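Read through the structures below before going on.
Note that chain A is present in both complexes that follow, paired respectively with chain B and with chain C.
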Partner chain A sequence: MAYLFQPDYVRYVCSCGSLKPISKMYFCRHCLKIRCGYCVCHEADSHYCPNCMENLPSAEVRLKKNKCSNCFDCPCCFQTLCTRAGQAPLRPPASSADAKQDVKATPKKVYYLSCSLCRWTSRDAGIPDQYVATGGWPEQENPNSTRISTLIDFHKVLASKEKQEQQRKKFPTKRTFLQYEKFGLTSAMVRKRAGKPLEPKSLIQHSDQPAPAVANEEVDDLPAGIFTEAVDITKITTLEQRLQHPDVQAEKINELRPQHKQFLVKRSQRCRGCEHNVSKPEYSPQSIKFKIQLAAFYHVPEIRIVTCEPLRVGVASELLLKICNPTQHQTQISLLPLDTPTTPTTVTASGEEQELKRENIQMGSESPNLLPLAVRQISVTEDPKPITVVSGAEIALPECPLFLPPRDDAAEYDETNDASHFQDDKKVVVWRKGNKIVVRLHVTPFANEQNKGEPVIVGFVLRHGYVNTLATLEHKAPQKSELNVQLFLTLGNLVGTA
Partner chain B sequence: MSISAPVNRRSNLKIAAGAVVCEESILKGDITIGARTVIHPKASIVAEAGPIIIGEGNIIEEMATIVNRLPPNIVDSATPALQIIGNYNVFEADCTCEASKVGDNNILENKAFVTRDVELTNGCVIGAACSLIEPEIVPENTIVFGSQCHRREMNDKPYPQIGQLEYLMRVLPSYHHLRKANIKVKSDPAT
Partner chain C sequence: MLRYEGIRYISDKQMVVLDIGSAYTKFGYAGEATPRGIIRTEVKCPESKEIRRIFNYIDIDDLYQLLVEFLHLLFFRHVAISPKDVRIVVLESLLTPTQFRETLAKVLFRHFEVGSLMLLPTHLATISTLGTDTVLVLDVGYQEATLIPVYEGVPILKAWQALPLAACAVHECIKKDLTDSIPNLRIPEKTVEDIKVRTCFVTTLERSAKLGTDDAPSPPPAVKYPGLKTIEIPGYVRERAFEVLWERDNDNLSISTMILDAIVKCPVDTRRQLAENILLIGGTTMAKGFASRLKSELNTLLKSDLYSDKLKIQTFKFHKAPSKPNYTAWLGGAIFGIADLPARCLTKENYLKSNRVPDWVCLLDNQKDDTSNCGI
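Here is the complex of A and B:
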C-alpha cells in the first residue's frame, strides 16, 4: 500500500520480529498482537479474472488452468488485448468467379484482437478474423500435450493405488509371507530365495508406466547462415516473451499467439496465533471493500516524525513526534526504554496488574476457522526473528504518561482549542488538537564507528492502553489492557561531531 | 525570431486553404501548413533554425511541439535547416518532434520525444513516453513501445485517421477562432 510517508522512517516491530511501517501491519483483536504479511496464514478465497471480473469456483478454475477463457493478454507486451471490430478487408478479385462472390457478399463485420499499447493485432500473427465478438479464437496446441497427459494419468493411477493401500492398511489382511517367519526367515529372504523381486510391486503394472524421457546427444545443426546473416532484433522474441508462454517458446515474433489471461485471487489472512481473520475481503470481485480488516492503523497509535534537529555526536537534538490515537477510546501512552518487556498487561477486577495471557484474554469462540481440519493450513508458530537494528543514539523519554482523547472525525473542523482539559507538561507536550499530540524528545547520538555514514536509528517501546471491545458483544465490561510495541525511528545522518 | 513583430511573423506563415489552424496555437518562424491539416489550440510549432513545411491531413494536438531546433553547439548556421513533415501524421498531446524529416502516416503518441537527428519514414508509431535520441533513420512500420522502448515491425500500416480528421475539421471551427488561409490549394484533389 502506498502511504503518505512512504520512506519507512517509523517502523513497528511485528510479533514475528520483522520491522514494517504501520500501514503494512495488522492487529489481531483476539490475541492483541501485531501481525504482518509474514506471520499470517494466507487463504485463497475466490478466483477471478481481472479483466472481465468473472468469478469462478475453484474446481472450475483448476479445470481451466487458472486462466480466463474469454480474455487475452498481448503476447508481445503482456497488456490486456481488446477486441476491435472492423470491416472485412477487401481483396482484389483473383478470378471472375471470386468477383461475383464479392458482389453478392455484403461487407461483414469482423473482429480481431488488438493491443492498445504496442499495437499488436491478431492479424499480425496470421490468426483469421472472427465473425463473433467473443470466443472462437483458435487454441494453441501444446506440442507436448500427449506426453503431459500420459504422465498426469500415470500419476493419477499412482495416487489412487496409494489411496487403496492406505485404506487396506486400516483393515490389516493376513500377510502371506508371515507363515515363513516361524522358520526364522523374513518375508524378504523368502522372496529372494524364490527368485522374485524384493518388494511386491505387482500393484503397478508396467504397461501403465510411461516411457521414460530419453536424453539425446544429437541436436539439430545450427542454420548455415547463423554467423553471417545480420540479426534483425525486431523479428526475434525476447526472453520475457518466451517465458510468458513456456510450453511453446516461440522464437519469431510472428509465431506469438494471444495468451489467456491469468486469474487473480482474493485472499483472506488469518492470525497464526488464534486463527481469527485479520483481513477478509468481500467475495465479489467487483468490490474493493473488506468484511474484516483489522489493520494496525485503526488500533495502534500512529507515530510520525515532525522535525528533528541536525544530529551531532554527543549533542542533544530536539525531536518532535506526533502521536495519533485512532481508536474510539481515550488512551494513555507512555514511552519506555527499548529493553522493556513487550508482554501485554491488564488490570484485574481487584485492581492489581497482571500479565495478559491467552487464558485471560476475553476471546470470542474458540475455533474461528470454519474449514475442516484436513483442509486448513496448520498454523506454524515460529519464534520471533531477532532484531538486528542497532540503536545509534540515546533518547530521553518523558516519564509522565500522555493522554490522548478518542478519535472524533468532527473535531477536525472544530476551531476551539481544547488543550486546557489536560494538565500537560508544557516541556513535553508541545501541541495538542483532537486525538493528536506533538511531544518533544531529545536524542543524543553515540560516537559509533561501525555504522559510519548510516542513518541514526533510535528505538523505544510505546505502551498504549487498549480497550478490548470484543467483550461488549458478550455483554461483559470491556477489558482494558496495556500493550507494548517496539518502535524504531530512522532520524537521518549525522552532520558532524560536537 | 521570438522577438520579431507579429506582422512579420504572420507574413512568414503560409496556411493552405482547407487547413484548420486555431488562433491560440503558437506558431513562430517560417512555417508552411498544408491543406486538411488540423492544429489544435496551444500546439506549438517553432521554426528556429529554418523553415518548417507541414504536409496534408496532419493532426497536431494540444501541447504537441514541433521544433526546428539549431544543433546545440552552432549558434547561427549559414544554411537554414529545413524540417519537412509529410502527410497524415498524428502528433498526440504533449509529444515533441524535432526530427528533420517525418514521412507519412506516422503517429507520435503522448509525451513521445524524437530528437533532430532522427528521420521517421512512413507508418512508424512512437509509443507513449518513448524517446528516440540517437541519430538514425527509423525503418518503415516500426513501433516503439513500452518503458524499455521495445521495437517491433508492424505488418500493416496504421490507418490514416480520416474519421478523426473530418470530425475535428467540423467541430474545431465552431468553438475556436481560426487563422486565415493565405495560399491557394495547389495539390491534386486525389489526396
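Here is the complex of A and C:
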C-alpha cells in the first residue's frame, strides 16, 4: 500500500531500475512502460509567485530576473513580508499659526513592510515609508554593474574576433603564425609563444578595451577597535542572511534590505522513450488539476499487504495480499517468480503470442513513433540502475491465473453484488468484492547471515493484462497485451528461528 | 545601463553558469553582474533522508545519484529553468578529480540532456573580471587553497600550489578551541561556521607572534553566542581562529609561502608582474584582516633567509575584483560565458559520440594541431 509519509512496504520496479511505491510512478500509455520521477524528462511549464499567485510569460520572467515585483521576503528570517498601513508621523508644528492649519489637514496614510514572524520592519532598516501600497520600494543596485557591463561588452568583441579567426581558418591559408588564442591553456601554446614575437600589435589593441584593473599596495586593515570593542552578536548578520543578497552581503543587521520573492515553477513530465507527456498540470497556478496525468495507479494493479504472520526462518507464514484492478477492463493476473523476463507480450490476430516491441504497439496516427527514425531526435538513454534489493524469503505463488473484473464505482455501494461468477480456488482467493480480491500466499524466510536484523523482503513478478485503448479512437479493435512488473514487498523482521 | 541589460536578455538564449564549490554552489545566468543565489552544496539523500554534502561521496555511483538530486533541485527550485537543451558553463578547478568531472558531465548530458557544456578553469576565468591578463590567482575556499598564476592569459601550470588550508581547517581549529574551553560542548559545523563568520577575524602579525607566550596581548572581548544554551566565545578563540592558515607546517608551508613558492617557480621575467597582480578569491579570503595579514606575512618572509636570496621582489600589489570574493570566480564565468563560442563548448552530440570529456591532462586533447581542441 502506498502511504503518504510512511515507509514504502510495497515497491514496484520502474523501467529505470528505481524502486518506488505505486503512488510515485507514472505509466506511459504509449510505450506501455512504468516510468518514475527519475526517468522522465522534467520541464518547467509556468512560473508563478507563491505568494500573490501571479503568473507571467517566460519572457517577462527573464526580464524580471525570476522575481516577483510586488512580494518581498524578510531579509532576517526569509518569510514573506506583509505591507502594513500606518499614519505618517506629524511634524511638530513650528509655530502656533502653523498648528492651526495642520489640524485641518488629514493625516496621510503611509505603508511599510513588516515581517509577522520575526518583527522586522522596513522602518528598522531606515527605508522611507511609501505612499502607495504596492511597488515603489527603493532597489539596491550592484555598485559595480557599469564596470561589469564594460567587461562583458569587451568579451563579446573578443568572441566575435575568435569566430572570425575560425572562419578564416576553414580556408587553407599560409600558416604564418598560429591562431591568436587569448585564452588558450595548453602547455603547447606556451611553447609556441616562447621566443616568438607576439602578434602584430594591431590585433591586440582594441579601441574598446576597458581600462585594466589597477592593483593596489594598500589593503583593508583590521578595524582599529576590534581588539577592544565589545561585540553585540545580535547586530551582526548570519551567513545565510548575507548570501541571500550576494552583491551586498551586508554585515550589520540594519543594512539588510527586503528581497523580492522568487518565482516557483510548475513542472510537466515527459516520457523519455516516446516524448509524450505523462503529467501536465493546468497552466494556472491556482489550479491543482492536471490536463494529463498518467499515474501508474490508474493503469497497473495495486497490491497491498493485508496481514502477514510472524516470520520465522524455515517456517511457512501466511501472507494475505489485496489486489485491486483500477482499469475499465477485466484483467487477468498471474504471480510469477522473480526471474521471469519482464518483456511485455501481446497476442496477434492469428492467435500466437509474440513480444511487444515498439513497432507493433498500436499507436494513434499522430504518434512520433511512426515517424522515421532520422526525423526523431537522438534519444539520450541513461543506463538503468542496478537493483540492489536481495530477496530474503521463498514465496509460494499460485499457479492459476486470477481474474479481476473492471472497476465499477457504483458497485462499491452495492450490497447485493456478492455472488460472483468466477470459479475461484478457495485456497488461493480468500475474499472477493468488486474489482478487488485477497489472495493467500505462503512465505518461508531462509537463514541469511548477511542481512541479519534487516527486514525480510520478498519479490515476484506481477503479470497483468492491459488493454491499449489508444487505437480505439480510430475504430480499431483495442490491442490486448500482457505486461510484467517486478514487485518487492517488505514484510517485517524475523521473529526468531524455529 | 539596466535598460540595455534587459534587451540583451531577450535577444540571447540564456546560459546557466554554475560554480559548484565544495561548500557553496553559486548559480546564475551569463551576462549578469551577480549570481541569482548561493546555496549549500548539499542535498537530502533520497534513501537515508540525511543531508549530505556532494563532495563527501563514497563512490562514483553514489556521486551520480547525489548530483542528480542536487542538480534537479538546483534547476527546478533555484534557477527555475528546464535543463533540456540549455547551455551550461561550469567553473571547475584545474585540479578537480577526473572522476568528479566525468560524472558531472555524464549527469548533465545523460540525465538532464543539456545542450552544451563549457568547462572553464576557475583561475583562468577569474581574470575576466579584471580586464588584465597577468594575475596570480589564489583561491581559498572550503576544502583547500589553490593557486595558479596566469601570465598573458596562459596559466603557468608548473607553478601550481595547493594546500588543505581553508575554511575546513579553520572550523576544526575553532571547534577544538571551543571544546577545550567549554567541556561537553557539542556543536554542529554549521554553528561553527556561523561563529567564525560573525565573530572571528585574522589578527595582525605582531600580535600573532606574541600569542601563546608570556607577554601575550590582552585578548579581544568575549562574545555571548545565543542558542539553545548561550555559550560564551572567549576572545582568544576569536583571535586565533585563522592562525592555522599562517602557521607553517612540517614542510614549512602556509598560505603565504604558497604565493612565494609559486613566484619562485615562475620564469624570472614574469615574477615582478605576478607579485604586483595578486587576486584573492574564495569565501575564506573575506575574513576581516585576511589581506593585510597576508601582505605583512609576505613582506616578512621576503626578508627571511628562505627567500631573501631567491626573490628580489620589492612590492606586492593586490587587485580588487568588481564583486565579493566568494563569487568572483562565478562572475568570471558569467562574463566569459557571454561570449558565444561554440568551438569551446562540448555539445551533446559530440559527447554522445565520443562519450568523454576533453581534459587538459589527456594527450588526446593536447595535440599540436589545436583545431580539434574543443576543451578548456
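Assume the second predicted complex is superposed on the first by the 370 of 498 C-alpha atoms of A that agree within 3 Å, B and C clash if a C-alpha of one lies under 4 Å from a C-alpha of the other, contacts with A are read in each partner's own complex, and residues count from 1 in each chain.
The rule is short, and it goes like this: a residue touches a chain if its C-beta (ideal position, glycine included) is under 8 Å from a C-beta of that chain, and two chains touch if they have at least 3 such contacts.
Keep in mind the model is a prediction, meaning the values are calculated, not measured.
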| item | value |
| --- | --- |
| Touched partner set for A:80, first chain B, second chain C, both or neither | neither |
| Touching partner for A:119 - first (chain B), second (chain C), both, neither | first |
| First, second, both or neither for A:249, with chain B first and chain C second | second |
| Chain B versus chain C as contact partner of A:69, first or second or both or neither | neither |
| Partner chain in contact with A:226 - chain B first, chain C second, else both or neither | second |
| Touched partner set for A:238, first chain B, second chain C, both or neither | both |
| Chain A residues touched by each partner, larger count belonging to chain B or chain C | C |
| Common interface residues of chain A - those touching chain B in one complex and chain C in the other | 233-234, 238 |
| Complex contacts: residues of chain A adjacent to chain C | 38, 41-44, 47, 59, 61-63, 65-66, 141-142, 144-149, 151-152, 154-156, 158-159, 162-163, 166, 169, 178-179, 181-190, 193, 209-213, 215-217, 219-223, 226-231, 233-234, 236-239, 242-243, 246-247, 249, 262-265, 267, 378, 380-383 |
| Chain B - residues contacting chain A, complex | 125, 127-128, 142-143, 145-146, 150-156, 158 |
| Residue ranges of chain A in contact with chain B within the complex | 76-77, 117-121, 123-124, 233-235, 238, 253-254 |
| Contact footprint of chain A on chain C as seen in their complex | 1-2, 4-6, 9-10, 14, 24, 26, 31-39, 68, 72, 76-78, 80-82, 84, 109-111, 113, 121, 124, 128-133, 152-157, 193-194, 197-199, 201-204, 207, 217-218, 220-221, 223-226, 276-278, 288-289, 291-292, 294-295, 315-324, 326-327, 331, 335-336, 338-341, 343, 348-349, 352, 360, 366, 368, 370-371, 373, 376 |
